[in-house]
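The structure under discussion is supplied below as structure tokens; questions concerning it will follow.
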Amino acid sequence: MAGSGKAHLRDGSLLRVEDLVVEFPAGPGRKVHAVSGISLDVVEGETLGLVGESGCGKSTTGKAIMQMPRPTSGTVAFEGEALTSLKGEALRQTRPTMQMIFQDPISSLNPRRKVGDIIGEPLRVWGRGDADEREKKVREVLEAVGIDPDAAMPRRPHQFSGGQCQRISIARALMLDPRVIICDEPVSALDVSVQAQILNLLEDMKARYGLTLIFIAHDLAVVKNVSDRVAVMYLGKVCEVGPPDTLYEEPAHHYTAALLSAIPVPDPEAERLDAGGIGGELPSPLDPPSGCRFRTRCPEAQERCAAEEPLMREVGVNHFVACHFPRIGGTAPPDASVPVTVSQH
Amino acid sequence: MDDAHEGPVLEVTDLETNFKTPAGLVRAVDGVSLSLERGKTIGIVGESGSGKSVLSRSIMGLLPSGNVVRKGSVRYQGQEIGELTPNQLRDFWGPEMAMIFQDPMTSLNPVMKIGNQITESIRYHLDQSKSESRETALALLQSVRIPEPTKRLNEYPHQLSGGMRQRVCIAVALACGPRLLIADEPTTALDVTVQSQILDLLQGQQEARFMAMILVTHDLGVVAGRTDEIAVMYAGQIVERAPTKVLFSKMKMPYTEALLKSIPKIENPSHTRLLAISGRPPSLVSPPSGCRFEPRCLYAQDRCREEMPPLMLAETPGHEYRCWFPVGTPEGKAALEKNLREKETPVGVDTSALVNG
Amino acid sequence: MAEQTHPTSTASLQTREDGGLLADAPPEVLDIQPGLADGTGPTGSVKVEKSKGKRLGVMGWLALGWMVLVLLMAVVPTLFPIPALEERSRDAIVSGNFGPQSGHWLGVDGSGYDMASKVVHGARASMTVAVGGITFALLIGGFLGLISGYFRGKVDTVIVGAFNVMLAMPALILALTLATVFATGDNVSYARRVFIVMLAIGIVSIPIIGRIARANTLAWAEREFVLASRLLGTKTPRIIWREVLPNVAPAMFSIALLGVGVAIVAEGGLALLGVGVPASITSPSWGNLIATLRSQLFLGRPWGVFAPSVAIFLTILSLNYLGDVVRARFDVRESVL
Amino acid sequence: MKMVLKRVGQLVVVLFLVTALTALLFSLLPGDLAEVSIPFGSDEQREALREDLGLKEPVFVQYGRWMGNFVQGDFGSFYRQGNVTSVVDRVKSTAPVSLQLMLYAQVLALALAIPLGILTARRAGSAVDKGTNTTAYALLALPNFVLALVLAYIVGVELEWVPPQGYVRLTQNVGDHLKTMVLPTVSLAVGQVAIYMRLLRTDLVATLQQDFILMAKSKGITERRVLWRHALRPSSLTLLTAAGLNVGTLIGGALILEIIFNLDGMGRLIFESISERQVVAIQSLVAIVAIAYVLVNFLVDLLYAVLDPRIRRG
């Protein structure tokens, strides 16, 4: 892959994802390998940034963590309790602890309901408080996200701008006092000036409500800005995990390096590091390459990359990479115990 | 058009483009002027609703007829575009000006072979035979670096990835050798690695063909290294225009500065507080009578609300801006300091973030 | 295919640049952010919202007026100044003038019975059958469509299969079969015949309304607010009831309005085939009037057919118009068949 | 190929369910079938008929026998007082009438609707557009039997241009054939024109707002070419689906019109069989109609794949 392995997982994490696999049927005998055995963890109070280009499986990962849809295999454990083994009502009971925010702020809100109803719905679903207490909580949270409750509650979502709708979505996610919020490209649909407002708001809410965040995005600069730890994904696998400052300063994976060099810098004097970019096309997730999934586009690919899947290993402080020949940290030791994954097709 | 024409390829003067809507007249483009020489690239930067896409379509003459009111002048090699009949305009499109659109997923006809989509304008404008046009199309696909071009000619758009489709769109636009290429957010819908490939390709073609190019985008990063000049648009107006390097080093317009500061930067450490611009762009139906950025501006004073600043010339040649209290000048500094002292601007934009940041 | 289209276009606003903004921009909305009480201003711009197409308009009021009139005919025919059903006009037969005349605004039929009276009294049977049948179809078809579109998978396969089987038999032939099997024979009461015709019309409308409901549910259930509701731990029936149904209902309601029109035609068709609401002097329906009086047309006495035909025409026209108003008001796309 | 196989499978299932349902429905019919079919026959005749129809056996056995015969091309018989006629023969004589009627109507409808749809979409909002739309709107509210009766009265009875009722075979006299077919065809086609035209107009207007149309325009090719080469094909898909699904409506309409205009077609035949409770015949006729319906929609799917390359693969 960009590869498997769990060397980067820590003890005492709040949320722990192991060997997560999500596959979708795609006609007779074929399936989309959207997520192929990734492992991640988040410790309390941390923001994990999940970054990658479209089709890398980052959003699918976010939804699979929420068990929506349920992963094909692998475990997701919240405080040691495996969500993946819970069913029906038992799973439903865990819902308030984890919430999600989506990319399209307009699609996220029911156009037929009033904002006050939308925000109050979580409390009604769980039968929390009486009408007065519920209204008090709705007002408190709306104010926290910077929306005037009196003006907003009787109105419907189409009367608000995209940025305001995203604030309302954040308010709804906060209503049940969740421990973890998964943000799935929350600012991709917004203009740059509004994007900064929402990013700042997320930071404020995280501090105010003691949240743990998983922040999924394709914009490396945005991810770096909000994260304490960043995981880079490529074609259903994690290639590199590390603290943002070191990972961006000294990327170990060739894919991360290529991504970083492709970002347009708003400075005409900046030297454009022409790392050659990455050529070629993203391989089909129906039939991913054997061994390391990035090898078909990697400038340093060798025979070993096709035969053997690289495992996560530490190449710097808290900095992990799944690559046989990374840019830092030296060649991976040979590991005969790793079975050769050859594509079935 | 003859090559003998002297002066800029494109001259836009006081262009206005308004849309009649049930809510009132939407002033999408309001008094824009710019000019562009052969072989040069101008970047037009703005957020959604700033009028940048309407501007580019208005220059092309590609707006729907019914509800549009257009004023001012667009001269292409000295010829006034507004005076052309629809038939004459059609002869311009392709050999003289061409356009690339934002979303390669929707800008190619899904039920037509790629080859035919490229050859149709070649055959129409350049009068080439079927086999000749096919050769030309093949060469075009090669020049935009599409692998296996012969095979691609007979494929449909859905068989290609987004990046490949945008390459095809570029090939279509270049087919008749235009002198002016308008790229309207050509990479917004693409992934970052593909984006850099497409931008490199556009730049390469622009240089090789000595075309004039307008690069429309919302991303200052996209235009920073690839343009000769940048025009920043806000609420239908150009608020600052300067040679690229000058703009970044000596920006005068508070909006440009705010835009640049609100973007997270890759070299900043994580959890750097962003300087968000509060509020959102004004209504284009009833824009503020003074400076249009005043309701969101940290430098704003009473004068800004009362009087719309004209485009003023800066000391550097070719640098214009629209501000009474420009960034980096004594007046600007005084205005900002006054607002910082009072913790808010005259309309109540909170300035404390700037102090903390 | 066409069924997958999203029901509204609001999402495109965020991604499309100015073109999209100008094509379908929302009203310049109130700004509710702190520190920006002024700016774009909450006043004035909000009111602009109701655009022309969304108001009822003159045509809409006319359509609504006609439908109210028809409902009055159906419920309290005695309100109307018309001769009794059994009353025959000797004058008309003697003079040979069957067209509109004083006392007989819509003319008389070949036997001298007043057509206005027949049309007014016929409304009850026609509307009972049409409105009742469509209501039945709306309940059953709507339920099946919602279930099918929301759960997908096997449930969907089975329900869609059932719809397709029902559609493979032309609706009129299926209705004819049902009406023949259950409502013919010597000792079948009038009420039972009306009920069976109503049911037959309802049953053949189930797959049509069901498909609309399903297609709309498919599109709406994909929306992220539905996912968000599931993630909040909302139970499925509540999600369907509170989140999906309110969005699917306008499409179902507008198709139901059209459906009532189609049902009125179907009642006429069944009457022509002899299995509609049974005809007699005292139990007219618009359909059976046309069916029984059509032979007079070929004898040069067309008013017996014309009067109920005009009533049917105006009713369907009004229903179609009101259906469109609903559609425009709730932004229902015409993508689904 | 896979698609064809899948379709054939669906066809078989649909046919089985439709005919089984019909069989079940008619088994619920009160009274003795033999009694109903030959009310004035002798007891022996009725006994023979019961034997012949297998009325003493359970429904599914009767159904199985019918199915066995049907696939061999034996559609059963009509049982009437004193005579037995083969359903196959009646189908052979009546099917052409109905097919002609539906074909003429469909061709006429499309021939009018496509140009009108294009015209109104191109000039969306113009007086022509509004006028055409209003007319179409009114025509949608006109049931085909009302139109048929009005036309028969005005054109047939008052003006005497064409016979108001009756049918002449194409092989007998082409002119007379067309004269007898013109009123039913127009009555059946008018509503369809309105539906098709509005569908095509809506789709075309939507397509003309797509990015790829803007792109095509920016190439500087003629407006004509943009309309015909770029816009029409992607816009015709809904129309095509509608035309396929509409076959059901068309069959129902043809049935009514055959009765009003006294044409001896399949619709009349079905009507007679149902009112005379000719169970075997009904099952065969319903099966034939269902086959036709499913086949037409299969053809529509094939055409769909021709028009839209995105559907072609896999």
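Order of writing sets the labels: A, B, C and D. Residues in every chain begin at 1.
Here is the rule we go by: a contact is a pair of C-beta atoms (placed from the backbone, for glycine too) under 8 Å apart; a residue touches a chain by one contact, two chains touch by 3 or more.
Every value quoted in this text rests on a predicted model; they were computed, and no experiment measured them.
**Student:** From subunit A, how many touching-chain steps at minimum until you land on subunit D?
**Tutor:** 2
**Student:** Which chain would you call central, comparing Cα centres to the global Cα centre?
**Tutor:** C
**Student:** Between B-D and A-B, name the chain pair that shares the greater number of C-beta pairs in contact.
**Tutor:** More C-beta contacts join the chains of A-B.
**Student:** Measuring from the mean C-alpha position of subunit B to the mean C-alpha position of subunit D, what distance in angstrom results?
**Tutor:** That pair's centroid distance is 55 Å.
**Student:** Nearest whole angstrom, what separates the Cα centre of subunit A from the Cα centre of subunit B?
**Tutor:** It comes to 32 Å between the two C-alpha centres.
**Student:** On a C-alpha centroid basis, what's the spacing between subunit B and subunit C, in Å?
**Tutor:** Chain centres of subunit B and subunit C, defined by C-alpha means, are spaced 49 Å apart.
**Student:** Could you say which residues in subunit A touch two or more other chains, in rising order?
**Tutor:** In subunit A, residues 161 touch at least two other chains, as defined above.
**Student:** What parts of subunit D, by residue number, touch at least two of the other chains?
**Tutor:** In subunit D, no residue touches at least two other chains, as defined above.
**Student:** Send over the residues of subunit B in touch with two or more other chains.
**Tutor:** Counting only residues that touch two or more other chains, subunit B contributes 48, 102, 278, 280.
**Student:** Would you tell me which residues of subunit C are touching subunit A in their complex?
**Tutor:** These residues of subunit C touch subunit A: 8, 10-11, 13-15, 26-27, 29-30, 32-34, 42, 46, 223-225, 227-235, 238, 242-243, 246-247.
**Student:** Where on subunit A does subunit B make contact in their complex?
**Tutor:** The contact residues of subunit A facing subunit B are 53-54, 161, 163, 191-197, 199-200, 203, 218-222, 224-228, 244-245, 248, 258-270, 272, 277-278, 281-282.
**Student:** Could you list, by residue number, the parts of subunit D that touch subunit C in their complex?
**Tutor:** 10, 13-15, 17-18, 21-22, 25-26, 28-31, 137-138, 140-143, 145-146, 149-150, 152-153, 157, 164-165, 199, 202, 209, 237-238, 241-242, 245, 248-249, 251-253, 255-256, 259-260, 270-271, 274-275, 277, 282, 286, 289-290, 293-294, 304
**Student:** What does subunit B use to touch subunit A in their complex?
**Tutor:** 47-48, 161, 163-164, 191-193, 195-197, 199-200, 218-222, 224-225, 244-245, 248-249, 258-260, 262-266, 268-278, 280
**Student:** What does subunit A use to touch subunit C in their complex?
**Tutor:** Result: residues 63, 66, 68, 92-93, 95-96, 98-100, 102-113, 118, 121-122, 125-126, 146-148, 151-152, 155, 158-162, 164, 169, 172-173, 176, 189-190 of subunit A touch subunit C.
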